[in-house]
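What follows is a set of structures for review.
Next, two complexes with subunit A in common: one pairs it with subunit B, the other with subunit C.
Presenting the complex of A and B:
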């Protein structure tokens, strides 16, 4: 299946803007993000806490729906999914 | 027939945008009260463009004084304003730009306790803050009042904006349930310029009924790539503010 991961703000500078991935069926969201993050020095720490959970403030969207982090570990991706990952920027 | 008449001076001042908004649209701006929360990097372009557009009443809220480190982006203030309350120098600058509207500045820290009275009977609140706890206070009060929150935030060359209209899409808490860590955020002045102008555009569109608002859409600006993308956002079931 084909899945698109789009990254924004400082995650874009760290991981690149978009990754088009060909994945086996049944891949889970958190695993895919962990593997993608691991391709960059310190990338895992930018997205995940030491306990392996996504950092609280990281926003992950599947289409227009925000994914609760408790759900990310078990959520199976679907062919054609677009996943957006970004940190809310805070400055004014 | 417009609810509020424009005088001849206003017809001249706003002549070029009357071509876009018409007399009724312009009179809607004149009849409106907008609260701008923050007189910094975002608040500066927002306040300037809403003032010159002729929004009839603007309330500027900020607690800080002008520091030299502000001056790369906070274009309401200049060197001569160092040490002055931002609402004081801001109101002065805005009155110089457009003396025909009502502008008030309140030096205040926005809190859970005072936010409702500060917002009062405003028609909308513009989020020009630099922190999420205060944004969430504004989001809650705006939702309770049934008025829009025009959100914007920036970091470096990146920015985001969305417009939360109660009953017509998600609120800020649907999108951002948790607060990012505090930091001294990097910023190039043009970034709040871009995002602040988008927020001011949203306010003008909302008040005049023109165009499509950023309701249910998060706009993400990447100044380095010079690209704007958007993500559709749904209201969140169980949102503590709006569901």
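Presenting the complex of A and C:
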């Protein structure tokens, strides 16, 4: 299946703006983000706490729906998903 | 009336938005012009998650129209590199009376600032850059709306 990961602001600078991933069926959101983060020095620590949970200030969306951090560990991605990862917003 | 939503790099034609806001029944037009403040910076860069930002701006505007009985709402947010003094976000609201127009504008601006996925990176006058910190608690897609 194909999944797009989009990153914004500090996370875009660290990990790049877009990653188009071809993944096996059943991949879970947190695993995919962990693997992506691990490709960059200190990347895992930028998104995840030592216990493996996403840090509080990391916002993750699947389409237009925000994903609860506890849900990210078990959420299976679907073909065509767009996942967005960004810090708290500061517009206006 | 459907709100007008804009996300653009160029400046905003505020007078045109004010003219368009004067629909039949209008007794008050409120204009908010948020500008880049000189907090020891030369400029700032703004970026957005545009598809989600547009959707959310429209939702905030529609809620504002319904809640405050507004006649029209236009929201335009700029992105890209902006110098000190440039317009960042323009909100133009019309209503039958000033109270609804002012209160509606304030409520929508607060929600826009807290919720719309837009980020600012400041270029400090002495060199270096810093991302403006946002509020993690204020987002609309809270844990209860996880999908």
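Simple rule for what comes next: the second predicted complex is superposed on the first by the 88 of 92 C-alpha atoms of A that agree within 3 Å, B and C clash if a C-alpha of one lies under 4 Å from a C-alpha of the other, contacts with A are read in each partner's own complex, and residues count from 1 in each chain.
Basically, a contact is a pair of C-beta atoms (placed from the backbone, for glycine too) under 8 Å apart; a residue touches a chain by one contact, two chains touch by 3 or more.
All of these numbers come straight from a predicted model, not from anything done at the bench.
Once subunit A is used to superpose the two complexes, subunit B occupies space that clashes with subunit C.
Using the contact criterion defined above for the overlaid structures, shared-chain residue A:53 touches neither subunit B nor subunit C, since it reaches no partner. After overlaying the two complexes on the shared chain, residue contacts for A:28 are found with neither subunit B nor subunit C. Look at A:71: by the touch rule set out above, it reaches subunit C but stays clear of subunit B. Residue contacts after overlaying the shared chain place A:14 against neither subunit B nor subunit C. Contacts of A:62 after superposition: subunit C is touched, whereas subunit B is not reached. Comparing the two interfaces of subunit A, the one with subunit B and the one with subunit C have residues 6, 8-10, 12, 56-57, 59, 61, 63-66, 84, 86-92 in common. Subunit B meets subunit A in the complex at residues 38, 40-43, 127-132, 152-156, 158-160, 174-183, 185, 187, 192, 216, 220, 222, 224-225, 229, 231-234, 236.
The residues of subunit C lying in touch with subunit A in their complex are 34, 46-49, 52-53, 55, 77, 88-89, 109, 112-121, 131-136, 138-143, 145-147.
Residue ranges on subunit A touching subunit B, taken from their complex, read 6, 8-10, 12-13, 17, 56-57, 59, 61, 63-66, 84, 86-92. Looking at the complex, you find that subunit A touches subunit C at residues 6, 8-10, 12, 56-57, 59, 61-68, 71, 84, 86-92.
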